[in-house]
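Two complexes, one shared chain (chain A), two partners (chain B, chain C).
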Partner chain A sequence: MRFVDSYLEGVRKIDEIIKYAKIEGEVAEIDARDLKHKELNDLMRECVLRGARKLILKNVCGQRYIGTRLFFNPGVNVEIIIYGTPGNDLGAFLSGHRIVVYGNAQDGVGNTMDSGEIIVHGRAGDVVAMAMRGGKIFIRDSVGYRTAIHMKEYKERIPLLVIGGTAQDFLGEYMAGGRVVLLGLNLKNGKHRSHYIGTGMHGGIIYLRGKVEDYQLGKEVGVVDMEQEDWKFLEKVVEEFCGHFGNEIKVDKDEILGGKFMKLIPVTKRPYGKIYAY
Partner chain B sequence: MKSHLLPDFIVERLEDRCNRCGVCVKQCPWGVYSWNDDKTDILIDYTKCVGCQRCVVYCPNNALIVKPYYGSYRPNAYWTKEVISDIKKQAEQGGVLLVGTGSDRPYKVYFDHILLNASQVTNPSIDPLREPMELRTFLGRKPDQLEIEIRDDDIEIKTELYPNLVVETPILFAGMSYGAISKNAFLALAMASKEFGTLFCTGEGGLPKDMREEYGPVAIVQCASGRFGVDPEYLNCAAAIEIKIGQGAKPGIGGHLPGEKVTAEISATRMIPEGTDALSPAPHHDIYSIEDLSMLIYALKEATNYEKPVFVKIAAVHNVAAIASGIVRAGADVIVIDGFRGGTGASPKVMRDHVGIPIEMAIAAVDQRLREEGIRHKCSIIASGGIRCSADVVKAIALGADAVYIGTAALIALGCTMCQKCYTGKCAWGICTQDPNLAKRLNPKEGAKRLVNLLRAWSLEIKDMLGGMGINAIESLRGNREHLRGIGLEDWELRVLGIKGAGE
Partner chain C sequence: MIKPRDDKDFQACGLFGVMDRSGERFNGKMVVEAMKNMHVRGNGLGGGFAVYGLYPEYKDYYCLHVMIQDWNEDAKREVDKFLDANFDIVHDEEIPTNEDANVVNPPLFWRYFVYPQKKGDDKRLSDDDYVIKKVMYINTKIKDAYVISSGKNMGVFKGVGFPEDIAEFFMVEKYKGYIWTAHSRFPTNTPGWWGGAHPFCILDWTVVHNGEISSYGTNKRYLEMFGYYCTLQTDTEVMAYAFDLLMRRQKLPIEIVAKILAPPMWDIIDHMDEKRKKLYTTLRMVYAPLLINGPWTVIVAHHGEMFGLTDRIRLRPITAGEKGDLLFLSSEESAIRAVCPNLDRVWTPHGGEPVIGRLNEKALKKVVE
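So, the complex of A and B:
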């Protein structure tokens, strides 16, 4: 069997692809149409090394790991504007950058993301915000399966994921921290259809706008009453959400906040503490 | 409920030697020894003894003997004391039996059924004391071919090389997380690696920020299913990154670091609240296929600008050769295979003792498969799980590994006595504990010295064995099965190991 390294094969050197970038001062525009995954990331890194702090990517079509290669020590903050459909692992391990997508995103948005911001003017696929450690992700529409798995937090570093629509099964599985807000703006009858919400959850909070039945929840989560500070938090989050997508969703802040919210938290910090014999 | 269990150990005190100094009371974290009310005598509750031998070693008068409890049920080769005790324990507590360390069951040890070759007459053996003997090992992907340019006296490699790691001996320290082991034990491993010129794996508990600058360059940082402590700086400060899929002690399941071990400092490196269980899911939830694995491998390469080799660690299981082939094709630079003897801080006993295959079989099968497919050079293989001595290292390499990981052996060097109580967090030797009073028993400097001594001793022995075979570089031994012969093995075992029987 021939060995094929599909990711690296045929990758051109930077001087062959630099023609796809137009750098003017701090702004670089890249036409991604003919670029392979690694070529686009090579080129983005090159543009930043040449001083660009805003990258505008046109014709993006499935290229993976956008933003991942931009870790520098000391760090710089880059704004990445994407037109098209970025590929899997958008902003994986992201360190401080801001990514705006005009289009849909695929799987693994913000995988193990450390800090920064990702805003998707569309929907996103599976495993969004997996093991996210910090920063914010806003998705205008819905997301796929296994969202916010094992999201974490530590003291004031609390990651935030806001989803305008709904999520499929296993939302918040193994969640250890962070905040997930599911706004349910596109629900037909006000009901989310996700199952196994918060299975194995042992930290963090999920806010759901809309209805879920008990059987849709994992054994490790409980529904508690919303308190004043929850509303204060949600008000801020929804305002930010509307700031990003207000023109596109045609619902205003008050209408969203007027909906029925549920607050889910883990029932114990040690869901599996009692299954062992010593 | 009254416990029906028999004790495991009994403590014998030599009364003519004991002067009731109280060291045993201080040293034992299990509560075996206690002062009587007026502090005139020391009482012994041997039912609590786990056999860690801490009190024996530290008794200044050599007055203590800890030995297996000799009272027994009616002898029965089938219903042994272990079987009976396990049933009683589960009947009393109703849970999954937990254990620490690797499997202690009497399965056949293949290392002990393999003998090494030596030169006699037809080729000269080499004296490593007089002649150079190369143990330096390069880990990582190698190119298909090497293009060189010779200019005058200079030779230049034209081929673009993949990032490789250099270790001065083919022995690295296996992943043991800060959290599972104490900071002092973790530090000792890091310090020894730096001093000797090898590498240690962080396990999945992250690398504390204050260690990154000094020990990052000798660290293999792990990215496991819980993604604890994985941040871009952690990935970039390291020598390499290891994706942990599984481990030999508990293939196929995740891990639960119990909440009582998640102290303030652990909680900072793992990024979870204090006192919370640190749960590592069984699979990575972004990896459900070889294609998904490839995606994480390249995500990590992207995150580190293609400067670091990426390891993938799996447990040795039934189809290990086919899985390894997939891992190489997914883009891994190094495959770590952890045999069923591999150690752990905590594992369900049933997983530890009944799942996986021996490391010897796994290395041989993987090496053979990758050679047949012409992709052996695309990755290095690290054999892990139950490497006990330098002869095991040599046999593992001759069976096809590039290097080995040692975990249990390293901990034994630090003081571990294999009492198997790691999961309780009360390690009397300061290794597998987060209790500051226990952890401080292990001095990292002294620990590092013991580890360096062990590496030095094994390296000298490896050179002796190599010299005896007439080989002067460890890489000439890799997969060199002509130097191995089986003894007491069946035909199918010889076939899987790819070696001849003794005398053949």
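So, the complex of A and C:
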């Protein structure tokens, strides 16, 4: 029986694929049409090693892990502009770089992302910001299931995820830290459909604009009043959101902030402490 | 019998389906290109295609695609004899294959266009039920023979290899259909063998599946009560039979069937209005053994309809896209974009909510003309 590693099979060396990149000073343009997952990431790395600090990726269609392999000395930060549909785990383990997608993203955007920024001018799939531990993600439209699952924070490292539309079920499941802001800008009747929001949540905050019923929330979250500092935080976040997508969405900052926001926090830091205690 | 590998890979299969809702037929090139885009979702241990509108010249006859393991001549002879005794065979031939394709040890594939020849007690059966009974006989009683598709004007091509290898082997780009579904396999719990590749088929119902069915035992025993026997060593088979039972025999629409296979959780039912609460509670009680548990996404097709459905908390992905009369269902959006960059609409349905494609007025008009 033939058993192949479909990721590594037929991957070409840098000197065979360098022709897909055009490097001019600090800008490199890569035509990704015929590049495999690893080839594209290898080529991106090569371009940065040759001095590029801005990578423009054209014709991306399903290539996974974009931006994952770019670990450099501190201070080498790269801007990655993507045209097309990047594949799963876009910006996984991302370390300080900025990714802008003109199109939709798939599953696993910012998986275990460390720092940097991902801005998606479109929608994203499931498990966005899974186990994210730093940096910022802005999604213009909606996201799929289990968004921000087990997002975490440590001291000043507080990850931020902002979603312009709505989320499907299990938003913030087992969330341990960080901030999630769900703006609900594309809701038809002002109601989110997501169920089991914050199930197992034990850290962090979810800000939710729009309506959800109590039974849509997990048993481990509570709704608390918005304080002055929450509004200050939201004002900054919404301003940033409008800075990215202001030309593409029809509402402005004041209109967004004029909506009704809910603040969700965990009711306990150890929701399962009694189950697993020994 | 093939022994399962004892190591276990956790990975994901790749699914793709495309339907031209106007009934226009197109060749397999598009679906092969889409599957190539999702190459890494499989590992070369299974690929396959289902095609609808495949044999217009024989559209009134059941077409049996029969796989003969190890080219077993006794099995082939026994199948010939059995079919001759139970059907009028209007035409039969070896399914043409490409010897240069990148596949290892392919079995023999033969297709028979047949008309039921019922005798005795079997006369009480409908044609469809008669065909199922005979298919089950071949699958369970004739060693090394498996019927891999058994509908009218459709067929399944599948085997061990990447989908593009299987496409090359069966030369699917030469065939035309108005629905194509495809599968790339990454077997996890059961062996990778030619019969275990997807799609799974009974009559004209086909299923391609990503995930695993943890309720397999319960589902299998329930289906046995209705005369369906699982012989292909993989969990997806129960799905094909469940759809045949619920939709063809019991005539339930997919909107209801979705709520049987992937019912809402009880705590969600608790918050429904009285009418819906009663419906969903009844469905859960009557059809409890057909709740399909575990992570799964399927693309199902039969004549006139293609739909995608996931488990109720969508533990496996699906993305839908539309462009004019074309409806796409895929494990990944990029595979759709690879063959149709400018979509009118793209979305991911909620868990347990089917995305349904049906033939439209344009298609019906064609039939009238």
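In the analysis below, the second predicted complex is superposed on the first by the 272 of 278 C-alpha atoms of A that agree within 3 Å, B and C clash if a C-alpha of one lies under 4 Å from a C-alpha of the other, contacts with A are read in each partner's own complex, and residues count from 1 in each chain.
In this section, contacts are C-beta pairs under 8 Å (C-beta built on N, C-alpha and C of every residue); 3 or more make two chains touch, one makes a residue touch a chain.
Here the structure is a predicted model, which means the values were calculated and not measured.
Note on chain A: of its two partners chain C and chain B, the one contacting more of its residues is B. Once the two complexes are laid over each other on the shared chain, residue contacts for A:7 go to chain B and to chain C alike.
Of the two partner chains placed by superposition, chain B and chain C are both touched by A:64. Of the two partner chains placed around the shared chain by superposition, chain C is the only one that A:213 touches, whereas chain B remains out of contact. Judged by the touch definition given at the top, the superposed model places A:203 against chain B, while chain C stays out of reach.
Of the two partner chains, chain C is the only one touched by A:168; chain B is not.
Residue contacts after overlaying the shared chain place A:84 against chain C, while chain B stays out of touching range. Of the two partner chains, chain B is the only one that A:274 touches; chain C does not reach it.
Looking at the shared chain after the overlay, A:95 reaches chain B, while chain C stays out of its contact range.
Counting contacts by the rule stated earlier, residues 1, 3-5, 7, 37, 64, 88, 107, 170 of chain A appear in both its interface with chain B and its interface with chain C. Of all the residues in chain A, the ones that touch chain C in their complex are 1-7, 37, 61-62, 64, 84-88, 104, 106-107, 123, 125-126, 144-145, 168-170, 193, 195, 213, 215. Residues 37-40, 42-45, 104, 160-162, 192, 267-268, 270-271, 313-314, 317, 319, 332-335, 337-338, 346, 348, 350-351 of chain C are the ones touching chain A in the complex. Per the touch definition, chain A reaches chain B in the complex via residues 1, 3-5, 7-8, 37-38, 41, 45, 64-65, 68-69, 71, 73, 88-89, 92-93, 95, 107-108, 111-112, 114, 127, 130-131, 133, 146, 149-150, 152-154, 157, 170, 173-174, 176-177, 200, 202-203, 269-278. By the touch rule above, chain B contacts chain A in their complex via residues 89-90, 92-98, 223, 225-228, 230-233, 235-236, 256, 258-259, 267-268, 270-273, 275-279, 281, 285-286, 294-295, 298-300, 302-305, 329, 331, 348, 373-375, 378, 423-424.
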